[in-house]
Structure formats: structure tokens, C-alpha cells
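Shared between the two complexes below is chain A, which has chain B as its partner in the first and chain C in the second.
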Partner chain A sequence: MVELLLTTTVLLTVPLLLATLGEIVTERAGVLNIGIEGVMLFGAFAAAGVIQLGPGRPVAVLAAAALGAALGVLLAVLFVARRVNQIVGGVLFNLFALGLTTVLFDRYFDAGATGSVFGKLALPLLSDLPVVGPALFDQPLLAYLSVVLAGLVWWLLTRTWFGLHLRAAGERPRALDSAGVSVGGIRTAALAVGCALVALGGAALVVLQSGAFTPNITEGRGFIALGIVLVARWSPWWALPAVALFGLAESVKFQASTFGLESVPPEFLAMLPYLVAIVTVTVGTAARYPAALGVPYVRE
Partner chain B sequence: MSRHSIGNRWQALIAAACALALALGVAACGDSDSSTSGSTDGGEGSADAVEVAMVTSGAHTDSSFVQSWWEGSQQAQSELGDAAKIVWNDGLNSLDALDRAAGAALTNGAEALIFTTSEAPQLVTEYAEKFPDAWVCGLEAPREDYLANVCTMLPQYWEGAFLAGALAGLVTETDRVGVVSAFDIPVQNLQVEGFALGARYTNPDVKIERAITESLIDSGKARAATQAQLAAGADVILSAVDEAAQGMYLAARDAGGYVIPQYTDQYESAPDVVLTSVVYHHDEVGATLAKLAVEGELEAKSYEFDLATYGVGELAPFRGATGEAVSEEARKQVAEIQKEIEDGTIIFPGLEELGERGSGESISVASLKGGT
Partner chain C sequence: MRRLGSLADWRQRLDWRYLARLLASLALTLLLVGLIFDLAGADPVAAFEALIRGSLGNPLGVEQTIELGAILVLAGLAVTIPARASLWNIGGEGQIFAGALAAASVALKVTGPDPAIVMLLALLAGLLAGAAVAAVAGALRALTGANEVLTTLMLNFVIALLTFYAITNWFPAAGIRGSTPEIPRDVELPTLLGGDITSGVLLALACVVAAHVLLTRTRLGLTIRAVGANPEAARHNGIRLGSVYTVSFAIGGAFAGLAGAIVVLGIDGLLARDFSPGYGFVGIAVALLARSRPLLVVPAAALFSIVTVGGSYLESAVGLSADVALVIQGTLLLLLLALWVIPPQRAAGVR
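Presenting the complex of A and B:
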């Protein structure tokens, strides 16, 4: 039972983790990407569309990431170049994404298509470990990649010049500008990288969970990722336990009878991770936003 | 003019051009026969055509609940021709959106408004009071009092779910079956508890697993819930979700087990795991109401659609490999139970009692015969 609990936790966690990592990148650069839900939706749509066209799931995942990067540049035109209010612009983008993907789905998709998802890949030796082995080390490749990406994002943010510039764009953009680095350029790159990751999260919904696209398939996961970023305190490593908490709560809800929790209302179990998130954000003294988050940079 | 302001102007032009291109793209795509809002195929109706608006949440491409209603709107338009203008509007995924669409339809002259969703009974009353000359109908249980221009409709979901449960009780090899539903609301509970009662009717030893996913479309949650039920030993699972059933099929395929989807025949979606489907013929229900509205024959009452008269809740034919899992004896028993429902030998408890979560396990099976 614990094995199944962990397996379903991973299944439910991967899309959220990828979206959270993407949002961490953009927020560390000072851009509050409320449009994360829309980007995720486009990622899922692109992945399902490519699968329907025939090239297969790996190409679908890459196509979703590429579309995500392109959308990041588009959002940069709005938020960085045109300095559109990031909250209003993000909300409008989400509505646009929902409308466009729904219309295109209605017109071009085979709604009743049977879905298929990535198969599992057992890691030698590790997958033989009792309980955690099959649950954590017998998962689809994309699940392992999402953890690797968490490490890569951490490395990018803390061990590279690009990461240094990116963090400076989110904390002290004027200092970055004084050093001769384009704040707009860095933020645009951050949006491209971040949105590529977010779109990968959307693609994961299709290639790991459903095998097919449905209108509004994301169902607010992008907004949940926005909250998880706070809980994780903008750290890629902390994002791992934070998203696992949400996935675990969902999994427990579905196995309530197995764990003798039938008498607990399912709504209460569903509420728990959000309660934890609110408490964490409220109590956590170190939960400090990047200083220039959501503030467009204007050169004086 | 400075270079800076020229650059800004170019950026603005590029942004505007992008927005225009996207808007044109949407408009071009929306200019199709699959528009989710507008007059249905089959004609715009003549100038004196009676306009009937049908509004709902979800998408008419869901291959399930909503699509079935949408097909009803198409059917009504096709049969009534120029005498009617059936306006379909879906994707209204919030109370606010339903409210606005309902208000717009009646303000624009619709003579009848049909909510093909059970999410907004208060709007039925509200708009009936605001527009006393128009009919307003909703998908809900019978009311105690009806305004002169209100009607309700209720497919008897529990009858079909009971049949599915009876089949599951006969087919299960583990004496454990499951239900994955979206919400803890009466219309869904009637399906869940009807299924549980049906399973107990044919298999007194059966145990019933329940899960609520809080979403009709989230395949990931439906898959996780199904995995949990299969791992707990259930081998036949009823789906009370829409598109999310795709996730249930994946889980059943991985772990071995059968799914009984509802609303439309979904065998083609997953022939390897769909045991049968519970078909509610929403298309017939919707078309019937729309035709009554156009013909001016609606009455302030509850229109109920049952297994006996309308075939609402019948099981789809058994086919392929999954069909072979249903023995001749089981088929015969299910057919007999269907007959008992139709001729009133099996009498269900009141909706209030059956709609309560857990009632499928507390109601005495013996009380169904003779209704005592």
C-alpha cells in the first residue's frame, strides 16, 4: 500500500514539479508569470497535437518545450518590452490560452482517441529496493528527468554567470544594468527557459497521466505551482518536497479506505496541503520575495 | 523624435501585430461548424422561428455527458427545421458564466432556456422570475413547488447505475468493486449509491470502494483513484466522470480490471477494458424537451426519463474480449433485473434517501422488492 501511495504521488507530482521549476526561474529574474496556467495548457496541447500527428511521445515532449520557450519570448514582449502589468497580462494570457486550445481542440482533435502514456523504466538495483524501489525507481523516464532538471535549475541559478545575472535581475536590476548587462535580455531569457519548463509540465499531464488532451486539462495546476514556489522559497531543491506534499495528500485521499480514513471527509484531505502552504508562507520568516519581483525595469 | 521612442513605437506595433494575428487565428478557427456557442447545424430558423437556448458547462467534444446533450440539440434542430432556432452554448464552467449566458439568451429573445447541467438550480428560479414569458428548465430532482414557467428534467440515473452494479456484482472475481466519481452531490451520489445497491443485489458479499476526484476531466486524479481501488482488490469499477475516464482506462490496462463508463457508449475508446457502458440517451432527453418548448407544450412539472419508457440507463452491448468476461448466465440475470426495474418489481427508495452518500450499503436489498 505504501508502494502504491508513493507511485501515485510521483504520478501526480511530476507535472507540478516541472511547472514549479519554471516559475522559480522566471520569478528569480523578477517576472511574476501569472500566465503559467496558460503556458502549461499550451504545453499539454502541443504534446497531444504532436502525438496525434504521429511523431511519437519523445518528439511531443520536445515540441511542447519549444513552444513553451516561444511563448516565453512572447510574454517577454508583453512584460519586459511593453511593461504590461504582469498580473493583468498573465490573467488575460490564461484566458486566451484556454479559449484558443479549446477552439483548436474542437476543430482538429479526435476527442474519443484512446490515450497512451510513457512506459516505465526500472533503474537497475535501485528498483529492487523494498517498498521505495518499485515506487520511486520504476517510473517513466520523464519522472527521473524532472528530478535531474531540479538539479540543473539549481546549478543554473547558483553556479553560472547566467544565474548570477538572472538573480540580479530579480533583486537589483539597476546594479545589473550598471554592470552593462541587459536586464531585458536576461529577463527574456529567463522567461524562455522558465516557460519551456512550465510547458514540459503541461506535456507531462498528457504523456504521463492521461494520454490525451482535454480542454482545461491543467485545471488550475499552474496556480498551485505559483503557491508551491512560495512554499519552496524559490529553491529548486525545496520544490521537491513541497510538490511531493501536494501529491502525497492527493494520493492519501484516494487510498483513504486502505489507511482506515474513510470517516475523514475527502475534502478535508484535499485541503491539507493548502493549509500547510498557507501556514508555511505565513510563519516562515525566510520567505522573502525577490526584491524586484513583478516590477518592470525602467532605465533612468 | 528620439531613437528610444521610435524603438518603443516599433515594439508596440510588433505587440499589436502579434495580438491581431492571434485574434485572427482564433476567429478563423472559430468560424467552423464546431463552434461551441451559436445556432446548431441544421438551420438558423426563419424569422418567426422559436428560439430555444441550451446552456451548460463542459465541452461538447467530451465524448460523454455534454456531447450527448449537444447531439440532442442537433437532433431537435434537424427535426424541427425552420420552425426552431436551437442555440447551444457550452464551456460555461462557472456559475457566473452560466448566469451571464442565461441572461444573454433570454434578453436576446429565447423563448425557452434549458440548463443541461445540475449546477445551477437557483438560476432556474431566478430567470423564471425575471422572464415570466419564457420557459426555464433545469436538470434536477423534482421540486415541491413549480413556478408557472419552470420545468425540471431528470434521467433516472440510479436505474442504469443499479444495472451496472448488478453486472459488476456478478462479474467480480474478488468480491470487490469500485466507483470513481467527481463530486459529492446528489446527482452523482444517485449513480454511486445505485451502483453499490446493484452490486449488493447480485452479490451480498461484495465490498464497494469509493473515490471522489473533484474533477470531471482530471485524468491524472481519476487514474490515481482507479489504481488505488485496483490495488485494494477491486476488479470492476464504475466511472462517474467525463473525459477523466481516459485515466481510468490507463490504470485498468496497467493493473488488469474492467471499467464501466457512463453516459454514452465508450467501448471504442478502450475496447480492452470497457466491460460495457451505461447509456443515458441525453440526446433524446434534450431533443424531447427542446421539441416540447418549440411546440409550446412544456408544462410546469418534472419530466422524468426512465429505463422502461425511454431506455435511459440501459447497458451497451457486450462486445469483444471484455464481452467474453460476461457469462451467459450473468447476461441472463442482468436482463431479468432490467425487466424487474422496467415492470416495477424492483422499487427504489426515495431520491433523498438514495442520494445520501453511503446509502447504497445501508439500504436493505430486500426492501427493493415490493418497496417495503
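Presenting the complex of A and C:
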């Protein structure tokens, strides 16, 4: 019972983790990407589309990441080059994404398609551990990969020149500009990398959970990731426990009866992630937001 | 302070480069949307023609366009008032849900008084519910500095889920799944001149005038605009920022709540789970296009209403999903923003 709960938690966590990592990258560079929901939706759409065309799931996942990077560059044109307000720009992009994916889905997809999901890959020895073994070490490759990506994002942000410049773009863009580095260039690269990760999260929804695309498949998960970024304090490592908490809340919803929670209406369980996010935003206001978050850079 | 909307301002803005950018963004929108129509398997010319025919070319379409226009006017005002205090209300959707739920609850559960009284009570309940939900976000911003973009965004989901719960558990309807029973005929809003158009349209227009007067002719409006122009200066002049935040959000939320009540009492005649295809978010686009001027909200809402009603007609006319309206609206607004027809606002950080 606990084992099943943990296993579903991990599966539900992977898309959220990838989206959270992507948002961390863009926010650390000073870009608040509310369009995360739309990028995730496009990622899921691309993955399902490529699967339907036939080249297989690994190609589908890569295609989703590539589309995400392209969308990141498109958003950079809006947010960085044209200094469009990031909040309205993001909201409008989400409307656009929901509309376009739904319209194209109607036209090109077999509505009744039930695709398949990635098979599991048991790690030798570790997967034999009691309880946690099957949950943590008998999962699809993409699940392990998402944890590796958390480490990679941490390394990129804190151990490379690119990461240093990226964080400077989010904290003191003027200083970065004075040092002769293009703030716009760094933010564009951050959006490309971040949106690739977010789109990967959308693809994970398809290849790990449903196997197929349905209109509005993300159902606000991008916005939940936006909240998790706050809980995780913009740290890729803290993203892991924070995401696990939200994933756990979601999987309890699916297995409410196992835990004697039938009396709690599913709607209230579904509210939990959003309430946690509101509480975090409210009590966590002392948190150090990246100083230039949401502020377009203008050279004076 | 620059007097926005003055004649000189318009003359300055209507230079040839501005016109060129406006025309370019309209042309690009037509081109891109046409491409998307084509990609989705519809003849672009036929689709654009059907869009206009569906919304303006037949009596039923005109009626729907006017009624939806009223809802979008209110959704736009819900964003406009906080925007003038430099606050983002991304929670219009949740506030509309709150208004709809409250109005439906009163209309279905209160049976004692005269039906006309019940109707007024239901409208008032919707208005207050929207105001209360929005005020929460405003108060949190005032008390702890919680970012209002994120709190209103998250509240949307909380209120929508609460509404779903209420529909299945408080008002189980016999027959129709996913909606409450029908509201008694005599509790519904009266129609105009014996036609089919709800009198909620008049309410929406009254709200436009009220919002305009509030912002331009009252002390509160001046206070709101002062906070929006320069919060630090306003604070040094003895304005309490916290109460302005809370009040401007509550007023915005009241408009959204009223929108939800009008949908239930005047248009749908019941509360359905899926009554709003994102009205609250379209309201943000409406307010943006109207440059946060209440009087300009009317033409902006009209444009979006035409596209939405026409878009829903495309399903039967050329076989496109009704969500194509979102594509058109998103493309147009993003291009207007990208080409600086709507110029970038002064830097507004997240905190």
C-alpha cells in the first residue's frame, strides 16, 4: 500500500520536477515565465504527435525538448528583445497555446488513441530494497534522468561561467552589462534551456502517465510548478523534496480510499497544492527573490 | 504627471509610425491566423467569413455577441481597477466562479421572499462573493507583501474546485450531469424589451460608467491612481497603501462576481461546471487592449466577443474547434504587444 503510494508519487512527480527545474533556470535569470503552462502543453502535444507519427517514444521526448527550446527563443523575443510585460505576455501565451493545441488536436489526432507509456527499468540490487526499492529504483528511465537533470541544473547554475552570468542577469543585470556580457543573450539562452526542460515535463505527462494527448492535459500543473519554485527557494536540490511533497498530495488524491480518506471529497484534496502554494507565497515573503525578477533590462 | 488619454497624447500617438505598427500587427495577425486555419484544414477565407457571419451576420449571433460582450466588459473592469493601482488581478476567473456559485446558491436555496427580491439578493451575493475572494489577495498583499499575481492565480483553482464540489454535492441535478438544476424562471434576470437579450447587459454598461466616474471623479479613484503612479510618493502623502490594495482588489472582484451572477441568472439559467471557457483570462486581454480605461473596455470587449462567438460558429461552419478563438485573441494581443502598439509599461518587478 505504502509502496504503491510511493511508486505513483514518483511517477506524478517527474513532470512537475522537470517543469520546476525549467522555471528555476528562467527565474534565476530574471524572467518570470507565467507561460510555463503553455510551454508544458506544447511539450505534451509534440510528444504525443511524434509518437502518433511513429518514430517512437525516445524521439518524441527529444522532439518535445527541441520544441520547448524554440518556444523559449520565441518568448525571449517577446520578453527580452521587445520588453513585453512578462505577466500579460505569459497569460496570453497560455491562451494561445491552449487554443492552438486543441484546434490541431481536433484535426490531426485520433481522439480515442490510447498510447503506451515507457516501460520500467529496475536498477539491480537497489530495486530489491524493501518498500522504497520498487518505488525509487524500479521506474522508467526518464524518472532517473529527471533527478540527474536536477543535479545538472545545479551544476550549470553554480559551477559554470554561464551559470554565474545567468544569476547575475537575475540579480544585477547592470553589473553584468558593465562586465561586457549581453544581458539579453544570457536571458535568451536561459529561456531556451528552461523552456526545453518545461516542455520535457509536458512530454513526461504523456510518456509516463496517459500515453496520449488530451486537450488541456496539463490542467494547471505548470502553475503548480510556479508555486513549487517558491517553496524550493529557486534551488534545484530543494526542488526534489518540494516536488515530492506536491506529488504525494496528488497521489493521495488517487488512492484516497486506501487511506480511509473517502470522506474527504476529491475536490478538496485537489485544492491542496494550490493552498500550499498560497500559504508559501504568503508566509515566505522574506524569501530572497532574484532581485531583477520580472524587470526587463534597459540600458541607460 | 502625464495626462493619459488627453488629446495631445492621442495626436502624439497617432503618428505614422504608430499607424504603420498597428496595421502591421493586424496584417500579421490575419496572416498567422490564416496559416493556422489552413494548417487545421479549413479554407482561411471561408473561415474568416464564417467568423463574422456567426457573430454579426444573424440575429442569434448578434444576441450572443452582446450578451458575451457584457460578461467580458465586467471581466475587463475586474482587471482594470486594480491595474490602475499597479496591481495585477490574474484571478478574474476564480472571482467569476465565486460570483456564479453564490448567485446560484441564493437563487436555488432562498425561497421565502418575492422572486424579484431573491433575484436582487442573488446578484448582490455574486457581487460580494467576487469582492471577497479578490479582497483576500489584496489583503494578503497588504499584510505580508504576498505577490498578488501568484495568489490570484492559485485562488482561481481553489474556487473552481470548490464550485465543482458544490455542483455535485449541494445541488445534485436530476438529469443533467455537471450542472445545477435550472433556476426558477421568475428568479432569472428579465430580458430587454421583451426580446431575448438579458438586462444584465444594462448592468454591465452601468458598471462601465460607475468605474469611469470612480476613477476620474472621486477621491478614492484619485487615491488609487496616485498609488498606481508612484506608491512611495503616495505613502509619504499619508495614503495607506494596504487599504488601497485591498479596496481596489475588492472593487475589481465585485465586477467579476457580478459577471458570474449574470451568466447564471441571465444567460445560462443554471450553474454548469464548464460555464466559463476562461472569461477571467480573456478579461486581462480586454483590459490590456483598453489600456485600463473603463470607457475603452466596451469596444475592446466587443472585439473579443465577436471573435469568441464567431469562433464557436466555426465548429459547425468549417469544422474547427471553438478554441480557435483563443488562438486569434492570443495572436492579436501578442503582436500588438510585440510591435509596441501597446507600448511596454514602466518596469514593474515581481515584488
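Here are some notes:
By our rule, the second predicted complex is superposed on the first by the 274 of 300 C-alpha atoms of A that agree within 3 Å, B and C clash if a C-alpha of one lies under 4 Å from a C-alpha of the other, contacts with A are read in each partner's own complex, and residues count from 1 in each chain.
To be clear about the criterion, a residue touches a chain if its C-beta (ideal position, glycine included) is under 8 Å from a C-beta of that chain, and two chains touch if they have at least 3 such contacts.
Note that the structure is predicted; figures quoted are calculated from it, not measured.
Of the two partner chains placed around the shared chain by superposition, chain B is the only one that A:254 touches, whereas chain C remains out of contact.
In the superposition on chain A, A:282 makes contact with chain C only, while chain B stays out of contact range. By the touch criterion defined above, A:270 reaches both chain B and chain C. After overlaying the two complexes on the shared chain, residue contacts for A:96 are found with chain B and with chain C alike. Looking at the shared chain after the overlay, A:52 reaches neither chain B nor chain C.
Residue contacts after overlaying the shared chain place A:8 against chain B, while chain C stays out of touching range. Touch criterion met: A:77 reaches chain B and chain C at once.
When the two structures are aligned on the shared chain, A:209 is found in touch with chain B, with no touch to chain C.
Of the two partner chains, chain C is the only one touched by A:295; chain B is not. Shared interface residues of chain A, touching chain B in one complex and chain C in the other, are 77-78, 82, 96, 99-100, 102-107, 215, 267, 270. Chain B meets chain A in the complex at residues 11-12, 14-15, 18, 22, 25-26, 29-30, 32, 34-36, 59-63, 67, 91, 93, 184, 209-215, 217-221, 223-225, 227-229, 231-232, 243-244, 246-247, 249-250, 266, 268-270.
Residues 36, 39-41, 88, 90, 140, 144-147, 149-151, 153-155, 157-158, 161-162, 164-165, 169, 278, 281-282, 284-285, 288, 320-321, 323-331, 333-334, 337-340, 344-345, 347-351 of chain C touch chain A in their complex.
Note for the complex: chain A touches chain C at residues 32, 34, 77-78, 82-85, 87-89, 91-100, 102-107, 215, 220, 223, 226-227, 230, 265, 267-268, 270-271, 274-275, 277-278, 281-283, 285, 289, 292-296, 298. Chain A meets chain B in the complex at residues 1, 4, 7-8, 11-12, 15, 74, 77-78, 81-82, 96, 99-100, 102-107, 109, 111-117, 205, 208-212, 214-217, 219, 250-251, 253-255, 257-258, 266-267, 270.
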